[in-house]
Every structure is written in structure tokens, then in C-alpha cells.
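Going in written order, the chains are labelled A, B, C and D, and every chain counts its residues from 1.
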Amino acid sequence: MIVVMKQGSTPQQVEHVVQLVREMGLKENVIVGEERTVVAVIGNDRFKDRTAMESVAGVEKVVPILAPYKMASREIKKERSVVQMGSDPLATVGGKKIGIIAGPCSVENKTQLLEIAHAVKEHGAVGLRGGAFKPRTNPYSFQGMGEKGLELLALARQETGLAVVTEVMAVDQVELVVKYADVLQVGARNMQNFNLLNAVGDQRKPVLLKRGLSATLEEFLLAAEYIMSRGNHQVMLCERGIRTYEEYVRNTLALAAVPALQRASHLPVVVDPSQGTGKNYLVDSMCRASVAAGADGLIIEVHNDPEHALTDGAQSITPEQFASMMKAIKRIAAAVDREV
Amino acid sequence: MIVVMKQGSTPQQVEHVVQLVREMGLKENVIVGEERTVVAVIGNDRFKDRTAMESVAGVEKVVPILAPYKMASREIKKERSVVQMGSDPLATVGGKKIGIIAGPCSVENKTQLLEIAHAVKEHGAVGLRGGAFKPRTNPYSFQGMGEKGLELLALARQETGLAVVTEVMAVDQVELVVKYADVLQVGARNMQNFNLLNAVGDQRKPVLLKRGLSATLEEFLLAAEYIMSRGNHQVMLCERGIRTYEEYVRNTLALAAVPALQRASHLPVVVDPSQGTGKNYLVDSMCRASVAAGADGLIIEVHNDPEHALTDGAQSITPEQFASMMKAIKRIAAAVDREV
Amino acid sequence: MIVVMKQGSTPQQVEHVVQLVREMGLKENVIVGEERTVVAVIGNDRFKDRTAMESVAGVEKVVPILAPYKMASREIKKERSVVQMGSDPLATVGGKKIGIIAGPCSVENKTQLLEIAHAVKEHGAVGLRGGAFKPRTNPYSFQGMGEKGLELLALARQETGLAVVTEVMAVDQVELVVKYADVLQVGARNMQNFNLLNAVGDQRKPVLLKRGLSATLEEFLLAAEYIMSRGNHQVMLCERGIRTYEEYVRNTLALAAVPALQRASHLPVVVDPSQGTGKNYLVDSMCRASVAAGADGLIIEVHNDPEHALTDGAQSITPEQFASMMKAIKRIAAAVDREV
Amino acid sequence: MIVVMKQGSTPQQVEHVVQLVREMGLKENVIVGEERTVVAVIGNDRFKDRTAMESVAGVEKVVPILAPYKMASREIKKERSVVQMGSDPLATVGGKKIGIIAGPCSVENKTQLLEIAHAVKEHGAVGLRGGAFKPRTNPYSFQGMGEKGLELLALARQETGLAVVTEVMAVDQVELVVKYADVLQVGARNMQNFNLLNAVGDQRKPVLLKRGLSATLEEFLLAAEYIMSRGNHQVMLCERGIRTYEEYVRNTLALAAVPALQRASHLPVVVDPSQGTGKNYLVDSMCRASVAAGADGLIIEVHNDPEHALTDGAQSITPEQFASMMKAIKRIAAAVDREV
């Protein structure tokens, strides 16, 4: 870290900062500028609470230098990670092949799920999404089918071979969800539910970690670090739009996060254009853009009857729209030397 | 809800919308304007998923009319709610008296906690804050003392009479925390941890619910509704700053939320100027402003040695600064016909 | 507009609203719901100030129904507009061909400009960007070469045939800039400089209108409407990133704005991935994504010596990087049935 | 500035950075850490474009150390500035007395303006606001009365003694507005209209500079610096809310900006709770909070007939509400040792 002293800070104040640095077991380098003095701290201060230093008299601000995450960092692992979902060797995210995960927002019933699962499988998906436990803003809204929904997902996997990607919302659900799922999804609202991160970190199944509604990339990678630090290295980062002042979309899909995350981390990056826009008429275009931007995977909401969808009807595309989108992104994938 | 049709939508499309409205058990009123047709839906559509309607052909957008929350709403209960914290009859939030909760960010050890507790008690606090379970962005940071911290909080209560306000981070911690705490705090990062909301809703102890980092007021009130719908009506809403592009503060304290929440809800509103700014030198001013704006309570981080605080040193004020701030807000409280 | 009355509003209050509606020369339709009454206003209220209605006793809120812009709207003109830049028939934006505008942030000297102009021309650009008048956050920073810079741009056009795209910052500069430029650029900070919008609207040269730092799409289209309402219909909309809490980028490039603007308006949409990210290492990826998303044009900062660039070095790519990017987007353009 | 090198940067890259620093006429101090090397730059680099340095190979990021503004800075002038508006010695902003500016959003006609002016004067205002040139989002909306409006403002000053505060939107309006106004207002949408800033900087009348919709405090102070660097030191900074994701307000009033600006600058700080919330029912509370937070002045929209206001009816309070608010803030001002 770099400790920037206030203009007019006294030598005693600088001395006191130096002392605090040494207390931490670190070394200092004091640089007296024309207008300000700065104290450069030498050594691994990654896990020190720098806000305490900001409270010291004479200190203007403290600038961190080291990235606070390690295992998620590209500095630790240069080659890109590939995550295998379920048992189908083609169901990977992070390699040349772009992994497509599709399905309904919520599992609603057997007919609905199987119909959609068969349709997305036919057009090239390798993973099946579908929520059995639903995080709903409103306590009176449909909260998901629970275990019955998980059973239907397992049935759909059996019939189609698709890997099951489904959300786990709480520590005490992990054991149950792990029995049915191939990939544990941690939702945006739980990105900083640290107990849950630890719990999925203790599992040995891949985790699809969604970016929080207003998470910075650093916070996002630190959430991944929580999971990895417990021994589970199979983490996929999912950009799903952030909250901004924009009102024509549900969320602002920040596609520059794709190359930025790939630069900072070796973990594969998936994009969710459904949540990322909230509008079915923007999904196709954003799927195209995601592939061109270098995404390693897509997760897309598909519903056979959006008008009657119990959740997220407005952002679900139909199986026909999914088929057409898949054709389009196959061409784009080829143009960027990838495959779908 | 109001369904706004696209310009050029067909009579068949309007008819189809009408049909869907009736399917929901609601009535419609079709208004043919000069440029657009709108379908006004009559009846309680509060818990219908309106996004499905947005997916219907010919529909431009759907505008909700009814607030989606009920029990938290001022329309249900006109008089303001008062929350009693612990057994001291003066430790209330929501009445004429403004309830002051103060203490360290984290419980660090016995000496630290007791010293701070005595100091804040002496200067007028009625509640003691202090985290035993800490939600930390970084997995390698200090995670709190756990149960040992709760024991110290109980000891501090015994010595000072202060009500204990402490965070519960997970469903499986609720039982433990309830044994020690007078008020269960749900942190900003857990505002939409719905399982946790349900779990504290099943308790009969007051809940201090912090606003999520980028939560709208409606989402905030719906989180309160989760708790209330389980039978626990003792909810305090805590404005703690929102995430914006501003970089000179940790969060942007949105003080207009105080009167806006009081207008929409009968629940008391507490302000956290420590989290709400992240800078100790802004805390005093924002405490003053909060009281003038009509806040029912304040929650403030106080540390006897901020330079060595394990967490949040930069935003902690010292006991001396706390004493001086309390004097200032007593005068302001009197000027707005309140008391501290 | 729809006027939503408060719960418990009186019949007199509703009657008063009706009266105000009729005063405006409009008609009303009063809908008495189970919980609330709403007054649907019939007629063209597009240019009425609806905030006055929000101040009326008993009114909860007012919801606009009609889009407030006309000439920029797709409802008025279904087919997409094509803007011709300068005299080269290939220099168009809005047709099948994607128009590429490239060049330095600022015109610095003759050698720099000509070297860059020749390079971008060679690799497929049809427009040359370069600022002679520079809007700088800091009054002490380089403010541009002024007319001397415009002369160099004209020279570069003469040598390369590229259309000149350059910024005009003030009403009293318009006359001068029009003499040299093929396209008048209005910068993000001037998107709501209404006097300037009127002034370029009075010209008959194409305008590249940049989206304001925190402009909504509606405000963006209304800025275009200012220009068009003065008779200048040759407007290109330029998405250049918005301000959000994200800190790893200078701006958050909101690519969903491309299809959303194309849906709402017939005007062509250009993307600026240089301003839109602020980082040279993100430009290539965002150029690819923009083309895949359906952008009609790109505007890109290219510098032959970024280390010594007087402005925006961090987001400028080199001619070599430009050449490589152009190759990449040609393939993607083909994959979405466009051309570069 | 501090240049942070990438992990694994080569000694040649560091050497190259050092060379570039020396080219700028500055000195360097190279600090080799355990994981990273940083180059601390010594000397006044305030006006160097640091983004060029960010483009250099091996550089991770560049951290500025010096504040980029000078004349607006508290480091240059410790004592707080007081701005005199017009000729009434009581009409000051920045001293013990809090200056209250009130009046309609727009000048609409003589009766309206005089009635409001007399009312606000009677209840303690020292300045009269009122727009003659109106920056309107929509080209078809009322654009203000122009010079006729300025004449009415001058008439109101003559009748009441209030100082006239009115907006100037364009360089070519400055001469005209200066003839009538006591204070030149620069609106939020023009905060970075640098030509306008220069033009008002060339005048010798006080300027009320509104914060841009998404301006950082640094950008805000640099806009003030533009004006001051031309010789006009009478600048008042006006916090008027920023754009955030919040939807229940028009803008989010960021009151912590008051103490933060006063800490960074000697210039007085005025708050606009009308624009800052957009809702008349939030204005009273935010006026109170502003005074408690330490604001040096308030600017408030007052209308005698909000239902028929041509602009901003929803956020205008009535003369009666103004009178009641003034009583309230007098008590709060006394409680913070200020006066109204």
C-alpha cells in the first residue's frame, strides 16, 4: 500500500505511520515530494486492514497496490481454467467450445421442463438451467417447487443428457441440491452471502457464481476466492448485468467485464443476457455480442409459453428464438475461432 | 397494473391481453387513446407476475399501480411503530426519543468492548453495536470472534444495561445469536438473503434491517415484508448509504430515504452514518443531518483505538468525538421537537 | 398520461384532476379500482408538463404513456436512416456497410495526424476523427490546437479522402468548424447544451451526437430531436459508455443500447469503445462485440505514439492494433451479414 | 503520481518509465517491493496527462497523488470564502448567516413573479431565483421568457431588494444576463460546458455553479477552477443531487458532499433540495438536513400555484410551506450556531 500524507503533515505524523507499518511486520520507504510525503509500504500487506491506517492523524488516503485475491488471479495460474459440467465431455466451459446453458427461469411442471429441455438440447445446449428454489423480491410470489423441482431436473437430465445447473440459496439446502445438480448456481443476491460461499466451497461440484447487482470486479473475484480457498477450484464467473440509472433495461449488461475478468483471472466467464437485460427482444443481440467479446459460456432463459411463465416471462425467449439465436452465434463463434 | 399497447397493436392483440387479464381473475378497462390503447387492470394484481404480460405480442410495457408490500405499508397502519430494544424502557426507536446505538465495528476483546460500551453509555447511547460474526469481502480477513464475541456483548450489557445489537449472517446462526442479542441485525449484503429473512421473521426479537448496497426503497420494504409476513413486526429500517459512482465516500448516504420511507411505511428509520460515508470526518455532520431529517435512530461505529481497529478503522470515531457529536445532536433534536 | 390517485383520495380530488385535464384540452377516463382510482388522460399530452399534475392534492404519481420525441422515433419512420459523411459514397453509416471512423483523440501536429490518417485509411476507415477543440476537465490541460488543427484535418482529408469528424464545443465555433468538417461531433458533456444542439441543428452537415455521461435513452433521443426539429435530420447516435460505480473502466459501455436505440429510433447507432472503456486492452474486444450487437459504425482512438499522446493515451490503440482489429471485425461483420 | 508496474515487468520497462518521468522534467524514486515495483514520481505533475503513462508496456496503473485543482483548494486558502450577492450586505453566502435563495423555477409572468418574490422576502430569503432561459430536456417544452423574464426579475429586485440569481445557458447570453442578474447561475447540464465556464469566469459577478448530474467532487472543483482561473473568485458550489439507480426521487441528494466540499475547498456550499429530490414533500426535510449538515446556503423552488407551474410543479413548495420551513430551519441554524 501507499500511504499518502496530507499537505502540511508533520514529521512526527510520518514517523508514527512508519512505526505502524513496522508493527505490521512490513517495511517502509518514505518519499518526500515537493508538496506531499508518501510512505510506500514494502511487503505482503494484502490481508491487512488498510482502513485503520486511514484513521491515523496526518494521513490523507491509503492506496492499495496488491490485488487482494490470490487463487482466482491470473498471476498465480497463467493458463485458462476449463470447467467440466456433469459427465458429458462436451459440456465444458472455458475451452475453445463455448458452453451454452439454457432453460426456464423456474421449473414449473414436468411437461414444461421436458419440452424446453428437449428443445434446447436439440439446438446445441449442453447445460439445462431451471430454478427449484427461487430468490424472489416479494414474499408472496412463487418461491419455486423445491425438491420436487430438483427431481424433475434430474429426470430431464436422464432424458436429454444435459448437465443440470440450478440455484442453491442457503447453507442448509446445499446437501440436497448437490444430490441432484451438476452445477451449483449462487445467485447475484447471494454473491456476498459468505456462509453460502464457504458451503459450496466445501463441495466438489462446479459453481456458477453470479456477479452481485452492484459488485465491483474485485469483490466478484474475492467471492470466487472464498469458494476456491475452501478447495473447490471449479468456479465459473457469470456477468449478469449491474444496477445503474438506466431504466429501459432491468440491468446494464457490462460486457467489457468479459475481457477484464479474463485478464485478471484464469476462471471462465459466462454471460447471462436474459437477466442482463430483462427484455426478450435484447437477448439475441447480446448473445451475439457476448460471443464476439470472448465469453466462454452463455446462460439463457428459454420458455415454451412466456405469457404464462410463473417468473421472468419478459426476458424469456421461445425455443424458436433460441434455435435462431444458436444459428447466429455459431457463425460468430467461427469468426472468432471458437465453437458452439 | 396498466398494460400499455404498442402503437399499431391490433384489436386481436388487445383482445388477447383482455383474455389474459380475465384468466387471472381480474377485470379490465380498455381505453383507446389517439395514439395508443391501454388496458387498465382492475382488482388486486399485487402478487401477479407482470413480466409475463410484458412478453405478450403487441404489449409495449406494463406499469404497476399497487405497492407490492402490505404489512410494511403506511396504508395498513397509519400510526408510526415503536420498537423496544431489550428491557430498558428508554431503549426505543420510533418514538419522540431518538435511539442511539453505538459501539465498535467488531468485538475484538474484553477490554476494548467494555471500554467502548461504558463510554457510549455515559454519553447517551441506549444500544451497543458490535459484530461477532463479520461479513468480510476478503476470505482472508478477520471474520469475527464468533460465540466468544457474543459472550462479551452479553457481559457488556450486564455491566452497562445497553441493549445488544449484533449481526446474524446465516440461518444456522440465528438460534445462537438470539440467545445473546436484544436486536438481530441483518446486514446490507444479506438484505435479499430470503432464507435468512424468513428465519429472523420466525423469531420474536426486533430486527435491524440494513438497506442493500443498491436496493430500491421498494425492495427494502419488501425485505421487511418478508420478516413481517412470518409474524415478526418489530423491524427497524436502516439507511446505510448506497453504491454510486461517487469515489470520495465508501457509500452515498441517501438521506431523503428517511422521509420517503416514513411516508411509505410505519416502520422506524435508523441511519448509519459510519457505513453511510466510510470516513470518520464525515460522521459528525451526517449524524446532525440525520436527526434534522427526522431519523428515529442512529447507529454509529465508535472505537477507542481506530489505528489498531481490526475492521473499519477509517470510519470509526473515538469516544471523545462521540461525546461531542452527542452534545451537538441533542441541540438539533430539541430544534425538531425530538429528544436524544 | 395516467394519473394515479392516492389510496383514500377524495371524489373532490379526482374531480379536480379531471378539471385540470380538461383545462389542458384533453379528455379523461376515470377508472375506479378496488384500492385506487386512476385517471387515464386521452389525447396528445406529449408536451404538457406532467410534474405540475404531480403536485396536485390526492395525486400519488403520474405515468407518461407517449414517448416524448417524434422525429427521432421509429414510429414516424420505419426504415433505417443512412448518413452520408463527406463526398466518398462509401463513407456511410446506417446501411449494410459499417462505417469506421478512426484517428487520434487530439490533433497534435502535422506529422502525427498524417501518419495516423494514412494508416487508418489503409486498413479500412472511412472517417478521420481528431479533436481541434478539446473539452478538458482540467483548465490547465492541453485545450486543442484550434483552427490550426482544423486546417490539418482538412489537409489529411485532401491526402487520404477520409471524411473529417471533429468536435464543436460552442455556438460561436460552429461557423468555423463547419468550414472544415464533414461531420460535426457534439461531445458527451454537451449532449444537453441545448443552444449548441440548436446551432448544429441549423446546419446541414451530419452530426455525431455522443450520449451524455449519465443520459437515459429518452434524453439521448430528445437531444437528437432538438437537432432534427431545426431541420437537420442527419444525426448519428453514439453510445460511448455511461458513468457507473465500476472502477476498472473509465465508463461502462452499455452495448444493449445499440439494439434498444435501433428499436426506438430510425437513426444509425455508432459505438465508441475507446471512451466507452478507457483502456486500450479492452478496445479490440468491445469493437468485436459492437459489430456483433449490430452497431452501424465505430469511432476509435488510434495514436502512433500513445506514450506521448497529449490526451487519452491510455485508451488509444496503435495503427498495428487497429489493423489487427479491422481484420477481426471484418470476419464478424460477415457473420452477421454486414460489411466493413 | 505513483506508477505501479505489473507483476513480472522487466527492468527495461521500469527503466523506460523512469526515462519518461525525466522527460517530463520530474524525478523518480523506484521502489522494488516483494511482488511489484512502483515508481514514485516527485515534483509537480498536476498538469501532466497521466493516461499516456498508463499506455506504457509493463505499467499496471497510475495513481495520482496531487489534487488537480489549485485556486479552489483549501490548501491554498485556509479561511472560508464569503460571496456577496448584489448590494444588500445581508445577502451573503459563506459566513455565519446561511443565505436563502428562493423563487419559481421559471419566470412566467409579472403577477406570478412579484407575488412569489414578496412572499419569500417576507419570510427571510435574501436572493430571488427564477429562470428566464430554461434548459429543457424536450425541445417542444416551454423554453423560458428570455429577456422579458430578465426584466421582470429586475423589477422584482427593485420592489423587494432581493438579489437576482438566474441561469445563463450560453456564451452569447452572458452579456445580456449580466446586465440584469446579481448572480450568474450555471446549470447542472452545463457544468462541463467549458466555454461557458470561461465566459462567466471573465465576468466579475458571483457564479452559482451547480454540480453536474454525475460529476465527481473533483470534476466539480475543476469546473470551479475554470471560472477562478479566469479571475472570477466569487464561486458558490451547489449540490443539487446526483443521478443514481434510485427511482423514488428525481435525483439523490448527496448531503455528505457538503462537509466533503468544505474540507477540500474554501468556497461556500449551497444545497438545492428541490432539484435534489424532485418531490415537494421531501423538500422541507432536506432543507432541515442541509442546514444541520453545515450548508452555507439553500436554493429552493417556490411557486404560488404549483398545479399550473409551467415547469417543475412537482418539486415546488408553496409560499406557506416556505414560511413554515423557514421557521423550522431558523431553530436548527441556532442549534448549529448559525443564523438564517
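Just so it is clear, a residue touches a chain if its C-beta (ideal position, glycine included) is under 8 Å from a C-beta of that chain, and two chains touch if they have at least 3 such contacts.
Here the structure is a predicted model, which means the values were calculated and not measured.
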item: Least hop count linking subunit A to subunit C through chains in contact; value: 1
item: Most distant chain from subunit A by Cα centroid; value: D
item: Contact-richer chain pair [B-C vs C-D]; value: C-D
item: Between subunit B and subunit C, centroid-to-centroid distance (C-alpha), Å; value: 38
item: Chain centre separation (subunit B, subunit D; CA means) in Å; value: 31
item: Subunit C and subunit D: spacing of chain centres that average the CA atoms, whole Å; value: 26
item: Residues within subunit C bordering two or more other chains; value: 214, 243-245, 247
item: For the subunit B and subunit A complex, residues of the former touching the latter; value: 20, 46-47, 49, 51-56, 68-69, 135-142, 169-173, 189-190, 192-197, 212-214, 219, 222, 225-226, 229, 243, 278, 280, 306-316
item: Subunit C to subunit A touching residues, read off their complex; value: 214, 216-218, 242, 244-249, 252-256, 258-260, 263, 276-277, 279, 281-282, 285-286, 288-294, 328, 331-332, 334-336
item: Parts of subunit D lying in touch with subunit A, wherever the complex brings them together; value: 2, 4, 7-8, 29, 31, 33-36, 38, 40, 42-44, 63, 65-66, 75, 243-245, 247
